[in-house]
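For clarity, chains are labelled A, B and C in written order, and residue numbers in each chain start from 1.
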Amino acid sequence: MANAADHRYWATVWRRLKADRKAIACLVMLVGLILAVVAGPSLWSINPEAQFLNQIASSPIGSRTAIVVDANELWTGPDKTPEAGASTARLSVIEANTEFVRLSWRQDTSAKGYQLYRWSEGMNAASLGMPVAVLEAGDSWYEDRLNLRPERYEYTLLAVDELGTERYRQQIRVTPVLAMSEFDAELASIAEGETTIELPAHPLGTDHLGRDMLARLLEGGQVSLFIGIFAPLMYMLFGLAYGATSALIGGRVDAIMMSIVDFVIALPFLLFMILFRVALGTEPGESGIAALVIALIALGWPSPARLVRGEILRLREMPYIEAARLMGAGQRYLILRHLIPNVMGSVLVSFTFAIPSAIFTEAFLSFIGMGVVPPAPSWGSMCNDGISRLLTNPHMMLFPALAISITVLLFNLLGDALRDAMAIRRGAD
Amino acid sequence: MMRYLLNRILYAIVTIWFVATATFFAMHFVPGDPLSNEKVIPEKIYATLQAYYGLDKPLGEQYLIYMQRLLQGDFGVSFTQQNRSVNDIIAEHFSVSAILGLLALIFALFGALIFGSVASIWRRRWPDTATVLGVMVAVSVPSFVFAALAQLFIVEMNQFTGWQVLPVAGWGSISHIWAPALMLGLGTMAFLTRLLRGSLIDTADQPYVLAAQARGLPPWRCFLRYQLRNALLPTLSVMGPTIAGITTGGFVVEQVFAIPGLGRYFVQAVAQLDYTVIMGTTVFYGAFLVIVVLAFDLLYAWADPRIRISRDMT
Amino acid sequence: MAALLDVRDLRVAIQAERGAVYPVQGASFSVDREETLCIVGESGCGKSVSMLAVLGLLGRAQVDAEQLSFAPTKEAVIDLGSCSQRELRRLRGRQIGLIFQDAAAAFNPVLPVGDQLAEPLRVHLGMSRRDARRRAVQWLERVGIIEPEKRAKQYPHEFSGGMLQRAMIAMALICEPSLVIADEPTTALDVSVQAEILDLLNDLKRTQHIGLIMITHDLGVVAEIADSVTVMYAGQSIERASKQSFFQNLKHPYSQALLACTPNWKQGRASIEPIPGAPPALDHIQTGCPFRFRCPHAWQRCEQLPPAFDDGGHMARCWLLDSDVDGPEHRSRPL
């Protein structure tokens, strides 16, 4: 067998990897991804915590042109009140933008009062939606200023009798225009007298608090990738040292050390991740990243330790190691020259697979609220924010989910390719 | 075999003890106090409660009491629902998780059997390519994304058909089970499909399969009794970790589909720092997984005569 | 009367990922009941592939032959080339038994040996479970396995190599086929066990009235057991003869070279002359004599494919045998 310590071995692995076009594409994309996440925030310099209150949960493809309206003006009903007296209250929209929606209707003399409901996408289709106002018999208009967004609403006006029982209902659909109040426009130092303005661009839209998704995705990527790469790196190294020590000392020490490995592997992983995460605590203002990394290391090291020990025991039986020993090679020489370089191959492959699984774990924990603490973003916690708004704002879930999936897919493909490229050794054994 | 069995059982018991001890000490590192969590309680009541839960004793004594109770199978009383024992809570919520997990496992196994077989039989042709691609995607997408997509799909389907084909979330009827179980099983299915496809391809080249064909056995018999039967052994050997994976996945799927399983309850208990529930659930799951892994190891040893008999001799 | 198995000009093409392979490019052989045919050649010369092709076990490979007939009884002559997979399957194990080289790998490790023996009986002869089981035990005893009752319940890894080969032979013969093909049945065994297995096969050939095709690369085995011999090289049959005629007069240079590299202990010392070079790759169809690259007698004529020169039942494909050859220096060279 070709001795892996030989530089030719790694050269061959590298050559085979280079010949694999898919692997190189993965590698390039991963490097690009890491660069983007590291350098991205300085190129896309929007503060990920800044809230754009005019653009709450705006989708990436929505219009950015807003009209400037005088939101402070006190509205006293439409200029021309529809005449009262007809048998039904005909509901009409006077004006609809995201600062206010103004509705009016013809008074119905027989009605003793009105109830107004607002329904939007994502609410129970059978319901009328959210109750907006209860109105007197004499009212003929209403101004809705509650949390308006540029999406389709359906207003329902119920005409009720003295007992509050429904007599009939009127419905109207309206999509408010994106608007900004004059006051906000002034604050944003936009020239007075402008009737429309361009709101800041958000290529991936904004979240439910009006924060820029791209900026958050980049910062969240830093968190997710840091946890995903650093923690496995640490526990692979520790596992390597532990497994090698155990295999080389052998005997009773080996047996005891491996029992400890068995015990730690037996711990229910996710429950202990949560337990450690809670035990290590998060003081107010902390992000929980350190706690996650420590918990991952504490629970992750046994698998590589087992792998390394097995590999070393297997390698020690190989004829060429035997030959080296017979020729008088010292233990130290054997370890440095033969065992460690040979083991590095399998360690590298399992490291490549450990990264996506750590990213998964982080996403998992953050998703159930046991991982990275808000406001620090991570792809998992962004998914958690997104899932409750899946129906109304699918982009909030889509982008972080895509980020996780693509990253994990790339690492998985790279791991497969690396394992194939290393397979020469198995063939040569 | 007897000796091997006893050895393994003894080792499993020691492992469970380790899990219980690790849980106990990890819990006592948790900052904060379960009793003075939210509301301020008068000193006297506080002392009474401390005595009630045995928190006034030194740590060593608490540990002994805890162990003694564990030996009797008693996980104690919940901190937040003072009239309920942890055993009751686990019994109630675990049955939900177990049904969900079992169904997910069945989905995963059936899917893996079908897709793995199809891929290996039509190797390098489109059914294989499609399976490999599907597996790659399914292992790279987190389960909560699949769960969310399933919900979205159900909503659309219900809207499109105009009546409730499947409930979007919740628990209580058969129709509530399908979507979460399928989503929970998907990742495992992908993992097992990949494994089974690989071992089916390996066994296809084994001389005993050719020998079976040379004896004129019908193709299905060659496939089932010779190829598949041997290819299933590696699958059996990973069943322990697989079940652990499904249990873990359950945490998220229960969360998304609002299913009152033990995973979801555990997450709530952690948020409320309900000490006894956290400890009880962790030890329970730990013991459960140790037993499952042991059971499948033994089953594997039994299913592979090469191992079974070599164990007999020692 | 037709021979039990008569194969003429068998050709196999396999479409692999990296282009086509032609492992068999004109193999001819025939065997009768109670006759032992030895097919000799180096590894990779298409011996085993020819056998699998005859049995229809090559999957999607393309198999052609001028003649591919099998006559299990005197009346019925079956054209194997035009049989459906289903019909072939009914012949395999029932009329044609196959013995593999590595018995340890040819048994399913997770089924008891007795079950595997009984399986063809149940499939082909529709025997009940109990009858099949009894017959399996009988056969184990017949091939010389002690405590057959106990052994039938054991798994393959509990058998020694020689015992597994015996069980394998029992499995091939259990449905009382008329033809048994043994693919290097003794190569994987100890020398002492080899002789026993050969004796067993020889006995069974006589008592069961079967035709036996034995694939081997060992001329010693040929001398011991064969009635007739076919030498294969690069997928072609290059020499066919009865055993006597073959050993008296090796006509093809390859056969001579093969004999020269077989240890000959009779002279008191081992004289081995290895054949230089390696067999040609089978990724194209040979247009000349395939042995010309390694042949000490090779000359211009060998660029053409030599036809079969038949001399009273002793056939060889070599231009040296052509009476019209005008190269005197070649003809005068002693063979």
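To be clear about the criterion, a contact is a pair of C-beta atoms (placed from the backbone, for glycine too) under 8 Å apart; a residue touches a chain by one contact, two chains touch by 3 or more.
Because the structure is a prediction, the values reported are computed rather than measured.
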Query - Separate pieces, if any, that appear once chain B is removed in thought - result: A | C
Query - Among all chain pairs, the one with the most C-beta contacts - result: A-B
Report task. Report back the single chain whose CA centre is most distant from the CA centre of chain C. Result -> A
Query raised in the report: Roughly how far is chain B from chain C, going centre to centre by Cα mean, in whole Å?
Result: 54
Query - Between chain C and chain A, distance of the C-alpha-averaged centres to the nearest whole Å - result: 65
Query raised in the report: Taking each chain's centre as its mean C-alpha position, how far apart are chain A and chain B in Å?
Result: 25
Query raised in the report: Which parts of chain A, given as residue numbers and ranges, touch two or more other chains?
Result: none
Requested in this report: Return the residues of chain B touching two or more other chains; collapse runs of consecutive numbers into ranges.
Outcome: none
Query raised in the report: Can you name the residues of chain B that touch chain A in the complex?
Result: 11, 14-15, 18-19, 22-23, 26-27, 29-32, 136-137, 139-142, 144-145, 148, 151-152, 155, 159, 244, 247-248, 251-252, 255-256, 266-267, 270-271, 273, 278, 281-282, 285-286, 289-290, 293
Report summary line: Interface with chain B, chain C side, in the complex: residues 55, 57, 89-94, 98, 100, 102, 105-111, 119-120, 123-124, 155, 157-158, 171
Report task. Could you please specify the touching residues of chain A with respect to chain B in the complex? Result -> 125, 262-263, 266-272, 274-276, 278-281, 356, 360, 363-364, 367-370, 380, 383, 387, 390-391, 394, 397, 401, 404-406, 408-409, 412-413
Query - For the chain B and chain C complex, residues of the former touching the latter - result: 206-208, 210-218, 221, 225-226, 229-230, 233, 303-306, 309
